[in-house]
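Have a look at the structure below, then the notes.
A, B and C are the chain letters, set down in written order, and residue numbers restart from 1 in every chain.
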Amino acid sequence: MSRKKNVRMPSGEVVPVVPDKLDPELFTVVGRNTARMESISRPSLTFWQDAWRRFKKNKPAFIGMILLALYIILAIFAPMLSKYSYTAMDAANRNAGPSLVHWLGCDDTGRDIWVRMWMGARVSLTVGFFAAFINAVVGAILGGLCGYYGGALDMIMMRIVDVLYGIPSLIITILVMVVVGRGVHTLIIAMCIIGWIGSCRFTRGEVYRLKNQDYVAAAKVLGVRDFIIIVRHIIPNIMGMLVTNLCMAIPGAIFQEAFLSYIGLGIAPPNCSWGILAKEGIKLLRVAPHQVLFTAFFICTTMLSLTMIGDGLRDAFDPRLRGTE
Amino acid sequence: MKSTRRFAAGAMAILMAASMAAVASPSTAVASESSSAASSAAASSAASESSGNKLFRFATSTEPTTLDPTKGNSVADNEVQRAITEGLVRTIDGEINPACAEKWEVSDDQLTYTFHLRDGLKWSDGKDLTSKDFLYAFQRLIAPETASPYAWICSTAGIQNADDCMSGAKKPEELGVTAPDDSTVVITLSNPTPYFLSLLGSSTVFCPVRQDVVEQYGTDFAATADKNVYSGPFVLSSSENQVLVYEKNPNYWNPDAVHFDRVEENIVADASTQLAMYESGDLDYVSIPLEQTQNYIDSDEHGSYENGNDDFMYINSGSEDQPLLQDANFRLALNYAIDHENYIALATDDVYKAATTFVLPEVSGTNGKTYGEQYGDKLHAFPKNGDADKAKEYLKKAMDAAGITDPSSIVLNVTCTDNQDEKKIIEVVQQMWAETLGIDVEIKQITYAEKYSTVYPQHDYEVGYGGWSPDYSDPYTYLELFRGDNPNNYSNYHNDEYDKKLATTVTETDPDKRLATLAECENMLLDDGAVVPLQFREQHYLMKKNVTGIKFSLGAVNFDWCFGDITA
Amino acid sequence: MGKYIVKRVIAAVITLLVLITVVFFLVRLMPGEPFTSEKLNPIVKENMIKYYGFDKPLIVQYFQYLGNLLHGNLGYSMKFTNKTVNYIIGSTFPYSADLGLRALAIALAFGLLLGILAALNRGNKLDVFCVILAIIGTSIPDFIMGAFLQLVFGIKLKWLPVAQYTDFKHTILPSLSLAFYTMASVSRTMRASMLEVVQQDYIKTARAKGLSNLRITWKHQIRNAIMPVITIMGPTVAAVLTGTFVIESMYAVPGMGKYYVDSTNNNDYSMILGMTVFYGAFLIFCNLLVDILYGVVDPRVRVGK
């Protein structure tokens, strides 16, 4: 079967090629281009640069990021711009539904929910991100070490994990509060003391799975240092799982905060958080369901955007997708 | 690609079935265990239904802390014991009725009460109930080894030597209770206590206990329904799985007064769940949670009663962290800044009654009238809508005295625990104080466990929520809270004049004079702004139309169903 | 493997002892005391302190506790004064475990199924549906999910009983409410893990060898992808089986959850310790099981080496 192809000449001229008959006239000697022969046609990208490049091209992830940014901006500015204060009560507007005046309605003491929602977002987003992020980083490092080295280190660390997991978290929080006082920082510290355990065990399990893979063995044989193996070969391979895990840890942190605030260990009223709004709202489920529905909506959409970002990151970090679109 | 999906789906179906099967086996094992418990409960319910058909079901949110009558510690405990024990007298709907004691005499100095027991009193196991059982109950209550949390009530009742016996300085036998013969109980008081009979009739810690049963089970006495014998209108037939089952006591002295054949008390922590259970027909009586009350107020099954709970703000009048609190003017400023009507709307959804005085007006006065009916208009009540100008005036005076010029430089710390109702109360009060007085009010959170065990007794707070449920129907139970040497004087209030005046009411034998002095005492508190009264609780409930004879009262027993009936 | 298990069991006993010791002393540092009531009298409090032996030196109390523990005696609760902790755990655990097992069965079956289907159908409608379900599941907390299910199916539609735990019908709503979160997190983890596996070379090899899709999914993908799910199941199983405060109180299930939270709120020392011992032992066992399962599922994995 004969194939017909056109050949583009260096001059830009397109010449039809007839395989049977090749005219030497068609060719010119261009000589050596020493400048170009050693260059790489695509820009050299580090792992992280490539990841960012791929992340930017992921539409859902980008939408997620915009939504999240919007929420953060609203959390900062919405309470400032509203004419209502988050503490001002109004007996006439108790449990009022959404209206043009009170966009999301009012709570059972007539406080504007729109303002409280974004005041709450300040606390919840801070606690959620901080706690989840610190936990993920600390947990991933410790878990990575345990899984990679195994043996006595793993045995001891995992027993510490068992003990920490076994202590009721309430007791830890109460004691942290006794030591450092009350406030958002207490919540974050208390949640970090036990929060890293989940991601630690998780990373450890993943590292156990991966460390006997051929490419790790290959790296070892080549004499690559352990630290480099963990950072360059193992972590990128479990990054997707880690990010998924992190995304699930954020709502966990938000509701942990609500639970702690509710038993008198979190932020003091009249400050609020999404968790507190949800807890107060659920009591009114049969009287004024809008309170809990709005709160759930904002929590869910935050999670949705986080998930989309997480999925984007997962793909971006996937070493097997390197260099692809 | 299509085929991939189809195969994958098939694989998943198999996986799912496998995982179901894998988990199913342990699941059924445990299920059979618990279902056997459930089926035995069902069997016993079937048995009781055959014996009678008047079944009454209700729910309670607090689990009783104990089934031992002597160690009862709360209204919930008392309400359980009320059905299964019978004291010397029984307070029903505020009236004192003969119970185990058929009649009694009071000496002229009101210090000696002689009770004569009925003939033929029997325990649920058929043995005779005698004065020895009462004597044992009193001595067991007061003995330090028993460590009954309510032992102090003997002292409140004014029983001779109560404090010394409680601390172990005297032997329990030296308590002012004797049993000269099998059918007589004599109680000697150290001072005339006008509310003695009312206390005796409503506190079940005074109910008889059988020595041989206590000794048989030791520390496991009354741990479960079968480890005790009963003297009341009902016996407890089961206490398993968060359901207390009461059945008619055949040996009760007055069986004709008891109509229910079986009563089931479900311990359901969640108030909305209780309401849902009532609506789906699983209950005959339910308390309505505050936030849903307005929805049911027009229902023909709706009712309400005052349970005697008085909510207020404690002010630490001796606070060193906030010296302004030592100034009556500042305390009055806090009081006048509260708009009670607005407060009731915001904090209680217009359900509770605003309190502008401290003592519950519904407590007994004299001559069959309530305290409120007799003295309500003579009390120096705070204005119903507060008085912002007066509040600012008082604040100005207090600031001048302390040399403060800017009200916003005053930081007042309000303690608050995790209790949801408390949190809401405090948020509303905080807002009113901050708005009216322009001071900075900050909420300081504490845990429930430290509130009454360390923070309040050690006066380690500035202002905080307080509630009081009366043990007996008399103003004294409230006013005593501000007596200088009272360990429950959480407000750190020390006023010698007040203490003296209050002390005269203890020895006063003329009830009218006594009540007048008590009213004067309350006025002293109000004038001094010693406390910020907030609300008197009103419990709203739903009850099926065919249930009758249920009594509601304030004090140690709120919900008294013992002699209720179900009409056809 | 046998040697490893023996080593782990010994370690488990030591861990439990450490846990008990830590908690024994930590609870004493908590603010407040176990005897708390607005009507507490100081003399009565003295009597109660003596009754529970708190007047003895702490170290004596500690060894007494350990001594009792060796006899399996967890002591008397301080809040529910005449019940032993053993009795309370013994009478409530069967309910919590029953509810927990039902919830776990639902969560695992549907969680794995959804996760796998989502991964195999990446990017299309089924995947989107699974992801949204998983997001709702992980971002709506149990107290909202439980209340909604109760409102819709119990109160409005009246299809199922609203509360209590007596027969099969009564178990449906609480187990669904409890299962939701675990189901969502299992499906998310499984999906993410499957996506990793699908791209591995050995899957391509298997496909090149001409293995059927069913066989590839079953033998190669699921088996390799399930490990992260096993990891998260360890603590989850322990937590779910030993009772959950919110769901149990919402559906009036006579389980353990309420005592776990109440005991801390009331500083009920013996109950906190009893619950910790029980839960701790359970947790340590579950984590041991997880580590053993690693090796069973993937023979290349040798935990502890």
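Operating definition for what follows: a contact is a pair of C-beta atoms (placed from the backbone, for glycine too) under 8 Å apart; a residue touches a chain by one contact, two chains touch by 3 or more.
As the structure is a prediction and not an experimental result, all values here were calculated from the model.
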* Which word fits how the chains touch one another: line, ring, star, complete or other? -> complete
* To do: Taking the mean of all protein CA atoms as the centre, name the chain whose own CA mean is closest to it.
  => C
* Give, as an integer number of Å, the spacing between the C-alpha centres of chain C and chain A. => 25
* How many Å are there between the centre of chain B and the centre of chain C, using C-alpha atoms for each centre? -> 35
* At what distance in angstrom does the C-alpha mean of chain B lie from that of chain A? -> 50
* Structure fact -> Note: chain C residues in touch with at least two other chains are 30-31, 147, 265
* Asked: On chain A, where are the residues touching two or more other chains?
  -> 174, 263, 285-286
* Asked: Taking each residue of chain B in turn, which ones touch at least two of the other chains?
  -> 272, 418, 446-448
* **Footprint of chain C on chain A - complex, ascending** => 150-151, 154-155, 158-159, 161-163, 165-168, 170-171, 174-175, 178, 198, 201-202, 204-206, 208-209, 212, 237, 240-241, 244-245, 248, 251-252, 255, 258, 263, 275, 278-279, 282, 285-286, 292, 296, 299-300, 302-304, 307, 314, 318, 320-321
* Which chain C residues qualify as touching chain A in the complex? -> 7, 11-12, 14-15, 18-19, 22-23, 26-27, 29-31, 131-132, 135-136, 138-141, 143-144, 147-148, 151, 185, 188-189, 192-193, 195-196, 199, 227-228, 230-232, 234-235, 260-261, 264-265, 272, 275-276, 279-280, 283-284, 287, 290, 294, 298, 300-305
* **Interfacial residue positions of chain C with respect to chain B in the complex** => 30-44, 46-48, 50-52, 76, 79-84, 87, 91, 94-95, 97-98, 101-102, 104-105, 108-110, 112-113, 116-117, 120-121, 147, 150, 154-155, 158, 161-167, 212-214, 217-218, 222, 249-252, 254, 258, 265-267
* Which part of chain B faces chain A closely enough to touch in the complex? -> 272, 289, 291-292, 294-295, 342, 345-347, 349, 416-418, 420, 423-424, 426-428, 430-431, 434, 442-448
* Can you check the complex and tell me which residues of chain A touch chain B? => 87-89, 91, 94, 108-110, 174, 182, 262-266, 268-270, 283-287
